[in-house]
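You will see two complexes here that share chain A, one where it goes with chain B and one where it goes with chain C.
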Partner chain A sequence: MKIKIFTSFIIPAIILSLFFFGLKNTNNYNTLNLVGNKIDNIELNGLENNKKILIGNLLSNNYTLINFWASWCLPCRAEHKFLLSLKKDEDLKILGINFKDKKINSINFLEELGDPYHFLAEDKSGKVSVKLGIYGVPESILVDKNFIIIKKFIGPISNSDYNDIIKIINN
Partner chain B sequence: MLSNIGNSLIILCILLSFFLLFSSFECLKKEVKQIPYKIFYYSLFQSTFSIVCFFILITGFIISDFSLINVFQNSHTAKPLFYKISGTWGNHEGSLLLWINILVIFSYLFLTSNKNSNIKYRIYTLISQNILIIGFFLFLLVNSNPFALIVPTPKEGLGLNPILQDPALAIHPPLLYIGFVGSSIFFSAAIGSLLSNYTGQSFAKSIKPWVIISWVFQTLGITVGSIWAYYELGWGGFWFWDPVENASLMPWFVMTALMHSVIVLEKRNTLYSWVIILCLLTFILSVTGTFLVRSGILNSVHTFANDPSRGLYILIFLSLMIFSSLTIFFNRQKEKESYNFSSNSKETFLLLNNWFMAFYLATVLIGTVYPIFTETLSDIKISVGPPFYNMVIIPIIAPFLLLMALAPKAKWIKNKFKSSTKVILTFLAAIFINILITYYFKSYSVLTNLIIISSIFLIIYSLLDLFNSFKKNNYDLSRIISHLGFGLLVFFIGINHTFTVEKDFNLKKGEVKNFENFNINFKSLKIEEEKNYKAVIGEFSITNKKDSSNQMLYPEIRIYKQPETLTYESSIKSKFSHDLYLTMSNINQSEFYNIKFQKKPFMLWIWMSAILISLGGFIRIFRNEN
Partner chain C sequence: MKKLTLTIIIFFFSIQIIFANDLEQKEINILKNLRCLVCQGQSIADSNSDFAQTIKLVIRDLINQNKDDQEIYNFLNSKYGQWILYKPKFNLNNFLLWFFPYFILLIGVFLILKVLKKRKKSQLQ
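For the complex of A and B:
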């Protein structure tokens, strides 16, 4: 009888503890492993003038930060001040890709909070962003002259992300 | 506004649960002769408030109140009203509220409908159920609040995943939840029974209707989910042994076992401990299923946005449930029950059903959980797929079907099989029909023959039963219909599985493909704008040279606006005898399309059979049979 009771407790205990450790391996789709890959030379639509721009023509600078944002996205407001500070760094250019947004709302957003972008493009359908390995906003990727992804930021840029970026471009 | 009302109602419900617990303990202390009215009122108010709370959330979805994060993330103004409403339970938070509603409503109904049972038993059941209710309400309030606010209020929502915008899926969760969560009431009743010593036949009588109700809805829920997968996922199958499908199947096996052994307890006053274990296990497995689906430990079509903290909460709750129920069980278990069954008696046969169910449960449990274990322990990713389940389960179905035909006629205590001629004749008839089928389809496999012969055996036997009992005017219609439905289900799945014609090829507009008896003509492509999506529709003409029938099929590629997603809508022509199934997908933005064509025999019949199984249960609810 004692053995029966013991096993009745021990079996669920084993299963439950394995579940517990299993929780730590989340299977979330993760694009962080794209770091080191080359991005495609994609054609973009300019936000203000609807002119077509090739992403390759924008990457003449040593480093470019491609930031995906939208006016309806709340965390984008949180990271905005870091983008504004980054604009002051001369070695870095910032390309903003406006994700699934209305033009009027996005322009109002920039008027309200300031415009941190050197170049502005729009992605109404979200497809360009998907091609660049993005699945939500805000996300940012730091690329070098050779289109190689150096670092990827999922979610809003934080203070430590900001310091990382500064460190990378100053080296 | 809605957020405040919703949150207040949740808190009110939690308070009422505490009132209920308090008054219940008071009753136990005073050993009252009658349950005081205030307990009924508390429980009634609690049900009312939680229902109102759910309707408030629905209202939020209907009026597109995007100040609620939940509505913002799962709805959109351009969505049709029907899907705005069904979006309420198409996400984690809303479905959890639905889950709690069922807990609360079942608690009230059980309290009021068991007037003749022992008072202590009813009160302990109420206590146990309210502990569950408090646990889930706290989870809702703290971790998954559907009334959480977003500031500033967005102008537009993100939209419901288009794959969930389907009528079958709108009713699938509520049906499944009544089954899943309904089982909580006999979990609580089992605890109540252990604590109050209210055992035996009267206990069996008090839980039996609840077991049947839960079982009926769970059967329907699984069926509707399967129908959705067939029409919406576009893979041409209806059961994929996906971990989440398995999670719904496991409690179903236990519930089926329980439904059979509760009859033994009711009629012969034995197997009490076993019935209790099954009662506890059903709800434990339901919550385990919820854990697997909601924690993100598994990847599947059902995983909502993953959040490990959510998983942790359910896991802690689950552990508490398992260990406290085990402790109560072993503390309260009386001296060992003795089972003196004759090997040839109805009770033995009913137990045999349980053995089969235990075997299926073990198979599915191992197949589902094993990949998690290997990944956790050794980082090796394995996947257990249909070949495993088919290999292990299918051969064991054949003897099970034979038993389902023969066992119900057995007598209690001591049985005697009167004539074997009927059995032999039926068996020969089954073999003969099987030969005809093999001849007609010109295809052969040992396993399929085994399955088809035994299922025909069960079908013929059930039909004979039905005929005989109509003559005698004394019949257990519900059992016959459910068993007949199961026989038909296995039969049609067997035929469908073996005799499906499948072809994969690439075509561009204007081209024709010929194979076997079929001629498939890709006639045209057109683009249509709908309210919430844009559709690329292909027009295909399928000619069958054998019977020179002609059929038009229109598969679609839909581009949804909110959120921007591509879905592939299969075009399905369901006929009495078979389904024609066609999906198309574009190849690298070229003019070529990949076409997947299938002719699947007896699809409609598979759904009908599954519905027949639950219909048997429905009849049992409304008819008092003996």
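For the complex of A and C:
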């Protein structure tokens, strides 16, 4: 009798509740939980002059926002106005890494919409993006001068992301 | 003399081919154990997405730098988290994933034994 109750009710109930909670959890995986990790001091290629630059030499400021962008990326246009506003904040430097793009298109993009970046680098093959744990554009990482990831922004920077960044910098 | 030269050439070529095949196989095995983060249920080996193509380039570089499988997995784990690995490391957060199948198996065995015992009992009566 006990076995019958166990097989007819308890096991199906366990399985159904597993499915129920599994289906309710629709979150897609992202790398937001990697906050607190340290980024590597990697070498970058300058966008305008092809000069090699160490990312560590750019992180002298308290906070640096590393933004991956491309001229072919539509959401990058949407976040551009926020980047332009962030450039006005003296406590933040913005490093723009142009991702798998043609140089002429990227320069035209910045001429058309304005240049929000203090430093510009390129990642033609995409290998730099992997070293920084990026899996699409636009994506941004806010780091402090110790190379620690303070926050990650997957997708275009929104109004609330902008407010978050300002809040973090001013604290 | 000609025969000897030919044998030496064939020997060196075959060594190169065997060595290249080993590296290729190593690369395929690693790519099959990596999840494409931007795809629906595809491994990096199966996917042609932009992300997968970039990861393939990086893996090839790491293999050429003589990194072993574990070093490559650790590198990707530090950049993208455990989710990128199809076979994650055993830890407190995923112990159910490793032990749940065995637990279910034990329950199954227990139930079968119970039913068999009951059947035997009723046959004897």
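The rule is short, and it goes like this: the second predicted complex is superposed on the first by the 143 of 171 C-alpha atoms of A that agree within 3 Å, B and C clash if a C-alpha of one lies under 4 Å from a C-alpha of the other, contacts with A are read in each partner's own complex, and residues count from 1 in each chain.
In this section, a contact is a pair of C-beta atoms (placed from the backbone, for glycine too) under 8 Å apart; a residue touches a chain by one contact, two chains touch by 3 or more.
On a predicted model such as this, the values are computed, not experimentally measured, just so you know.
Engineer: Looking at the overlay, what does A:Lys100 touch: chain B (first), chain C (second), both, or neither?
Structural biologist: both
Engineer: Contact-wise, after the overlay, does A:Lys127 reach chain B, chain C, both or neither (first, second, both, neither)?
Structural biologist: both
Engineer: With both complexes overlaid on chain A, does A:Asn37 touch chain B (first), chain C (second), both or neither?
Structural biologist: So A:Asn37 only meets chain C here.
Engineer: For A:Thr7, using the defined touch cut-off, is the partner it touches chain B, chain C, both, or neither? Pick first, second, both or neither.
Structural biologist: second
Engineer: Would you check which partner chain A:Lys51 touches, where first means chain B only, second means chain C only, and both and neither mean what they say?
Structural biologist: Neither chain B nor chain C is touched by A:Lys51.
Engineer: With the two complexes superposed on chain A, say which partner A:Gly136 touches: chain B (first), chain C (second), both, or neither.
Structural biologist: second
Engineer: Examine A:Lys145 and indicate which partner it touches, taking first as chain B and second as chain C; both and neither are also allowed.
Structural biologist: neither
Engineer: Take the contacts of chain A with chain B and those with chain C, and give the residues found in both.
Structural biologist: The overlap between the chain B and chain C interfaces on chain A comprises residues 100, 125-127.
Engineer: Of all residues in chain A, which touch chain C in the complex?
Structural biologist: 3, 6-7, 11, 29, 31, 33-34, 37, 100, 125-127, 129-133, 135-136
Engineer: What part of chain C is in contact with chain A in the complex they form?
Structural biologist: Contacts found on chain C: 37-38, 50-51, 53-55, 57-58, 61, 78-81, 83, 107, 111, 114-115, 118.
Engineer: Quick check: in the complex, which residue numbers of chain B touch chain A?
Structural biologist: Touch list, chain B to chain A: 150, 154-156, 291, 295-299, 306, 308, 311-312, 315, 318-319, 322-323, 326, 330, 369, 372-373, 375-377, 563-564.
Engineer: Please name which positions on chain A make contact with chain B in the complex.
Structural biologist: Against chain B, the touching part of chain A is residues 5, 8-9, 12, 15-16, 18-28, 72, 74, 100, 105, 125-127.
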